[in-house]
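The following blocks contain the structures, represented as C-alpha cells.
Each of the next two complexes has subunit A plus one other chain: subunit B in the first, subunit C in the second.
Then we have the complex of A and B:
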C-alpha cells in the first residue's frame, strides 16, 4: 500500500516546552485548507494555530516542504451564560477554511455557541517617507519640512495579521457540532444537537433554520444530530447524521425546512450482535463526503463505512477499526469511552480512508487493495525521518514480539482528530496535546 | 478478584446479547457463580442512572451522551417490564434513601474494575474482611435493589429538588428578562429546553407525576404568551419560590 511514512512531530505551542496534562492545549480540531498549504488546529483553550508548508528548497532536497507555525491567535474566550448558570466552553469544536478568493485567507472557527469568521493577511511591506510624520509616527516639526516627498513601500519582516471579520452569535440553543461551507462560497451551515442553520457569510444577525428535529415535548427526545456536511459540488444538497446511526440527505430546493429527507441511509441492525449497547455504538460520530461527491464516509464506535449516494439500504463497504473492543463495551460504557467521537478522513483520490483509535493508534484502509494498517503517533516511535512501524493488537493466543494486548491499551490516549492533505499523502494527527504530521516516503524520495 | 470477573462477565453477556438465563438464578448461591442476567441488567441500569444524575456540572452537559444513556435506560426498563420484573407504580422507597443507593452502585462499579488502589468498604458494612467483602456487597445490593427499585428515581431527595428548583427558576428569569425582539420567540419556545428536563424526564416517565411545586413552575415556564401578560400571578409564584430557596 506504500504507507511507510516519514514523520515529524511538533508540539503545538512552539514557544513553550511540551507540558503534559495541560488541558488547554488539547487539540480539538485539525483542518487543511483547500490547497494544503495551510493547516489549522484549534484547541481546548480557544486558540487557533495555523501552520504553513515551507516551499521546497532546491538546496535541501530532503527537506520536503515542512510545516512551521505561521500564526497563533485566540479565537474564542470562555463565556458565562447567566440565564442558565452554565459556562460556555471556549474549546474550538471545528475549523473550516473558506476557498481563497484573494491574497487573504479566511476561516470559520466555532465553539459550542458562536461561529467566527477570521481573515488572515500578510504584511511584508510598509510605507516610509511620510511628509508629516516621522519614522515613529510622531508629527514632524513643520519648520523642518522643506520639500515634498512621495512615501514609498519598503520591504519589512513578514507579519501575519489576523482579524475577526464576522461573529455569528445567538444562532444556537444547543451545542454546535459541525460547520460546513457551501460550494457556492456564499453560505455555510452550522449544526447543533437538534437544529441546523444556514448562514450567509456576510450577514451575522440572521440565519435560516433548515433542519429542526426538536420534538414538541422534550420528553420524547430520543435522537440527536451528530454531524453534518454540505455536498462538495451540489450546493443544494447536504447530509446529517444521527445518534441512531442514520444519515439523511436533504435537498434545500425541496422545502425551506428540510425536515423531510430526500434520502435516508440506514443499515438494518444485525440481530446476532444485539445488546444494550447496540444503539450507542451505532451512533455516527463523523460524516464526510468523498472528494468526488459520489460517496460518504461515516464513523461509528467500532467501524468506518463507505456509503454510495445511490444506495440507501446499506453501506457498500464496512471496515473494522477495533473490533476487539466489542467484548469490552460494558467497561467502555462505564468509563464513558464509548461516547468518544472519532473523526474520519478521505485521501485526495478517495482511495484510502483513515480514522483514529485508542493508544494513539490510527488506522488506514485502502479501498482498492482491501489492506489496512495500524500506526502509532507517539514521541518515542516518531523521530524525524523515521519510518513508522505497523502495529498490531493481539487478542491473546499467539503473540508476536511487538504486539500490544487489548488489556494494555491506553484508553486515555485517543486520536479523535485527523486530517488528510487534499492532494498529497500528508496527514495530520492530533494526539491530545501533540500534533504529528506524517508524509509519504514515496513523495519525499521523488524530490 | 471476584468482582473483576463479574465485570468481565457482565461485558461479555451484554456485548454478545446472550439469551438470558432464568431469573431464578441468584448470586446467593455462592461466590463462584456468574451473576444472573437480571442482576447484571440491574447493575447496568443503576450505572446508567448514576451517569445521568452525576451531571450537575458547571458546563452544560453533552446532550447526545445524555440521550444515548436515557435510551439505554428505557431499553432496560422495557425489557424488565416485559419480564414482569419492573413495576412502574411500585411503592415508594422504604429503607435507605435513593442517594445512598446510588453511592452503593458507584462502589460496585469501582471495585468491579479490579485493583485500582482502593478497595472500598461496602456501604452496608456487612462483612469484616476485605476479600469476601466485594462478593457480599453484591449480594446485599442485589437484595436491596430488587425490592423498591422505583425508589431510585424518586425526586424527593433534597439535592435533586433543589437542582430542579434552580433550573426552573432560571427559566422564569429567562422569560421575564427583556430580550431583543428577534430572539424573543426563539427564547420562549426554548424555555423548557434546558438539559435538566432530561433528568425530570426519567422521573416523569416512571412516577408519572412531579412534586407539586415543580408542577406549578412547569406550567409557568411552558406558557407561550409574552411575559407582559399574567405577570402579577407569576410574580407572586416567583416570590413564593424565592422564599423557599432562601429558606433552604
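Then we have the complex of A and C:
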C-alpha cells in the first residue's frame, strides 16, 4: 500500500497561489477521467479547471508526471428562477467524464438544476497560405493574386477549446446530487432528492423518470435520495442510497419506473450505539461501485462500508473513519457538522479505499492487510516531494508527540471530495479551495 | 439568525436560544458520562434542550428560500424521535417547548410544501410543455392535502396561512403581526379620501380645508385620469 507518498500541492487559483481565495474558489468536486491523464475540478463559482498529466520525460526527471493546468472555463452561471423567486447556485455539484471516443474529451458537469455536456478539443495546427485571404483574414485584392497555392497546415501553440454541446435543463424540481454515465456510453442518469431521471446524451428536451420517491402527501416525506450510480459493466443496473442508510439496487429491465428495488441493502441498527442521532449518522453521503463491479462502497458520517452485491443483510466490511466523534454528536448536530457529506473512493485494484475527514485529514484503509493510515493535506506538511507523515488523533490519556487531541480538531477544515487515479497510486484531495495531488513513488507502477 | 418577510425577532426567542446554548454544553457531558443511552431514561432537561435545538433548526431550515430537503427530513425525523422519548415526561411544568410538536412538525413540513406545491404546479405545467414524456404516471398536480391553494395563490401567503396559530413561537400575535411592516402609504393618498384625511386636522382648520379642497381635487382627479388613460397628446 502506498503509505509513503510524494506530494505536490497545487492551489487551483494560479495567480494567487498561497492566498486563501474567495468563497467562489471552494472546490466542490474532483474527478479523474478514465485514463487518469486528465483531472477535472469544479468549484463553488461554477468554474471547471482541468489538469493534464505531463508525460514523464528523461530530459526533465524532476517533473515526474506532474499535473498542470490544461483548461479553465466557466461551466455554470448563477440563474434566477422567476417562478419561485429563487437564485439557482452556480456551484458545480458533480463532474463525470465520458469515455473517450475520438480525439476530443467530453464531460458532464452539473449544478443544482442543469446538466451540461462540454467538449474539449485541441488545436495545434493552423492553415496558412490562403489564396483569397491574407494572414490576418482580410480579403486580398484579386488583382494581386497571380498564382494559386495550396494552403498548408503549420504548427502553432497548443490551444485548448471548450464548447458546450448539450444543455439538459428543466429535468429536476429538487437539487441534483449525482450524475452517472452508463456503460452503454449513450445514456446517463441524474438524481435529485426525490427523483432519478435517465437521459440520452444526444437528446436534451426530454428525459425518462426511473425513480420517484416523492410521497403523494409531502407530510409523509421521511426519506430522500442522497447518491446514485450506474453499475460499471451492467448497463441495466444502478444503485441509489438514501438518508436512512439504505441502498437500493434497481434493474431497468424489470420495469419502466424502478420504484421497486431488485435488492435492498440495509444494516440493522446496532442497539448498543442507539441515540437520537442514529438516523442522521446512518445517512449515506456517497456510494461507489468497485471497478470490478462486485462490491459497493458507502460513506456515512462515521464509517465507510464495503457491501457485496450478493449479500443484502449487512456490509462485508466496516471501517471506522473517526469513531472519536461518536461522543461529540450533540455538538456536531448543533454546529450542523453532522450533516457534512463526505465522499469515498476505491483505488484501481479495489484493494484500498479512501475517504476524507476533519482537520484536513484523510484516511486510507487497506482491505487486505486491514491496516489504515491518517494523512494530512496542508501546505505546512506538503512541500513538493516531501513524504507525508501519518497522523494520529488521541482521545486523551497517553499522547505521543505530534498527536492531535480530539478537541483541537478544526471542523471547518473538512475534506469532502477525493479522487483516486483509475490505475496508479495518485490521489487528488480537495481541501476547501486548495487541490493537493499526492503520488506514491515507492510503488509507482504497482497494481 | 436571518429572518425574512419582515418578521420581528421576539425577545423571548433570543432568551430561549441562549438557554439552549448553555444547556447543550451540559448535554455533551451527559453523552460522555452515561452508558448506552437506552440503559437509562435521559434527563428531561437534556431532552428539552435537544428538542428546542431541533425546533430551531427546523424553523431555520424552513425559512430558507429553498430548504435543503435532506437536512429538513433528517431534522424532522430526529425531532420525532425526541418527542417519542419525551412523551412520558410531557406533564412537567418546566417544559417551555412550543405547542404539540407532532402536529406542528407536520404542519411546518406541509406548509413548506404549500409553497413548493404552488410553484411546482406551475413548474410541472412548464415541464409538460417542454417534454413529450413517456414517463410513468406521477401524482399530478402536486396538491398535497385537500383544500390547499395551488397555482393561483401566491406562494408566500399559502405557506403563511398554514403557519398561523400552530406556531406560537413564530407568530405570537397571529397573522396580524405579519402585516405590521407593510408600507401602505401609497394607498393613503389624500386625493382619494380627502374627508378622512381632513378628519384628523383640528376643527379650526377644517372649514377652510373643506371649502378649498373639492375644487382642487376635481382638477387633479381629471389630470390623474388623463395620465392613467394616456395623455391625449400621445395618441396622435
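Please note the rule applied: the second predicted complex is superposed on the first by the 434 of 447 C-alpha atoms of A that agree within 3 Å, B and C clash if a C-alpha of one lies under 4 Å from a C-alpha of the other, contacts with A are read in each partner's own complex, and residues count from 1 in each chain.
By definition in this document, a residue touches a chain if its C-beta (ideal position, glycine included) is under 8 Å from a C-beta of that chain, and two chains touch if they have at least 3 such contacts.
This one's a predicted model, so the numbers in the text were calculated from it and none came from an experiment.
Asker: Look at where subunit B and subunit C land on subunit A after superposing the complexes, then choose clash or fit.
Answerer: With subunit A as the common anchor, subunit B and subunit C collide in the superposed model.
Asker: Given the touch rule stated above, what does A:405 touch, subunit B (first), subunit C (second), both, or neither?
Answerer: neither
Asker: Just to be sure I read the superposition right, which of the two partners does A:243 touch: subunit B = first, subunit C = second, or both, or neither?
Answerer: In the superposition, A:243 contacts both subunit B and subunit C.
Asker: Tell me which partner A:193 touches in the superposition: subunit B (first), subunit C (second), both or neither.
Answerer: both
Asker: Tell me which partner A:329 touches in the superposition: subunit B (first), subunit C (second), both or neither.
Answerer: A:329: touches subunit B and subunit C.
Asker: Which of the two partners, first being subunit B and second being subunit C, lies in contact with A:214: first, second, both, or neither?
Answerer: A:214 contacts both subunit B and subunit C.
Asker: Based on the superposed arrangement, let me know which partner A:276 touches: subunit B (first), subunit C (second), both, or neither?
Answerer: Once the two structures are laid over each other on A, A:276 reaches both partners.
Asker: Which partner does A:149 reach: the first (subunit B), the second (subunit C), both, or neither?
Answerer: Neither partner.
Asker: Can you pull the subunit A residues that subunit B and subunit C both touch?
Answerer: On subunit A, the residues that contact subunit B in one structure and subunit C in the other are 83-87, 170, 173-175, 193-194, 205-206, 214, 218-219, 221-224, 226, 243, 272-277, 279-280, 283, 327-331, 333-334, 336, 339.
Asker: How about subunit A: which of its residues touch subunit B in the complex?
Answerer: Those in contact with subunit B are residues 81, 83-89, 112, 170, 173-175, 193-194, 205-206, 214, 218-219, 221-224, 226, 243, 272-280, 283, 326-331, 333-334, 336, 339.
Asker: Could you list, by residue number, the parts of subunit B that touch subunit A in their complex?
Answerer: 7, 10-12, 14-17, 41, 44, 47, 51, 58-60, 62-65, 67-68, 70-72, 74-76, 109, 113, 166-167, 170, 173-174, 177, 182-183, 186, 190, 192-194, 197-198, 201, 204-205
Asker: Could you list, by residue number, the parts of subunit C that touch subunit A in their complex?
Answerer: It is residues 24, 27-28, 31-32, 36-38, 50, 53, 57, 65-66, 68-71, 73-74, 76-78, 81-82, 85, 106, 109-110, 112-113, 116-117, 119-120, 122-124, 126-127, 130-136, 138-139, 142, 144-145, 155 of subunit C that touch subunit A.
Asker: Using the touch definition from the top, list the residues of subunit A that touch subunit C in their complex.
Answerer: So the residues of subunit A in touch with subunit C come to 83-87, 170, 173-175, 193-194, 205-209, 212, 214, 216-219, 221-224, 226, 243, 256-257, 271-277, 279-280, 283, 327-331, 333-334, 336, 339.
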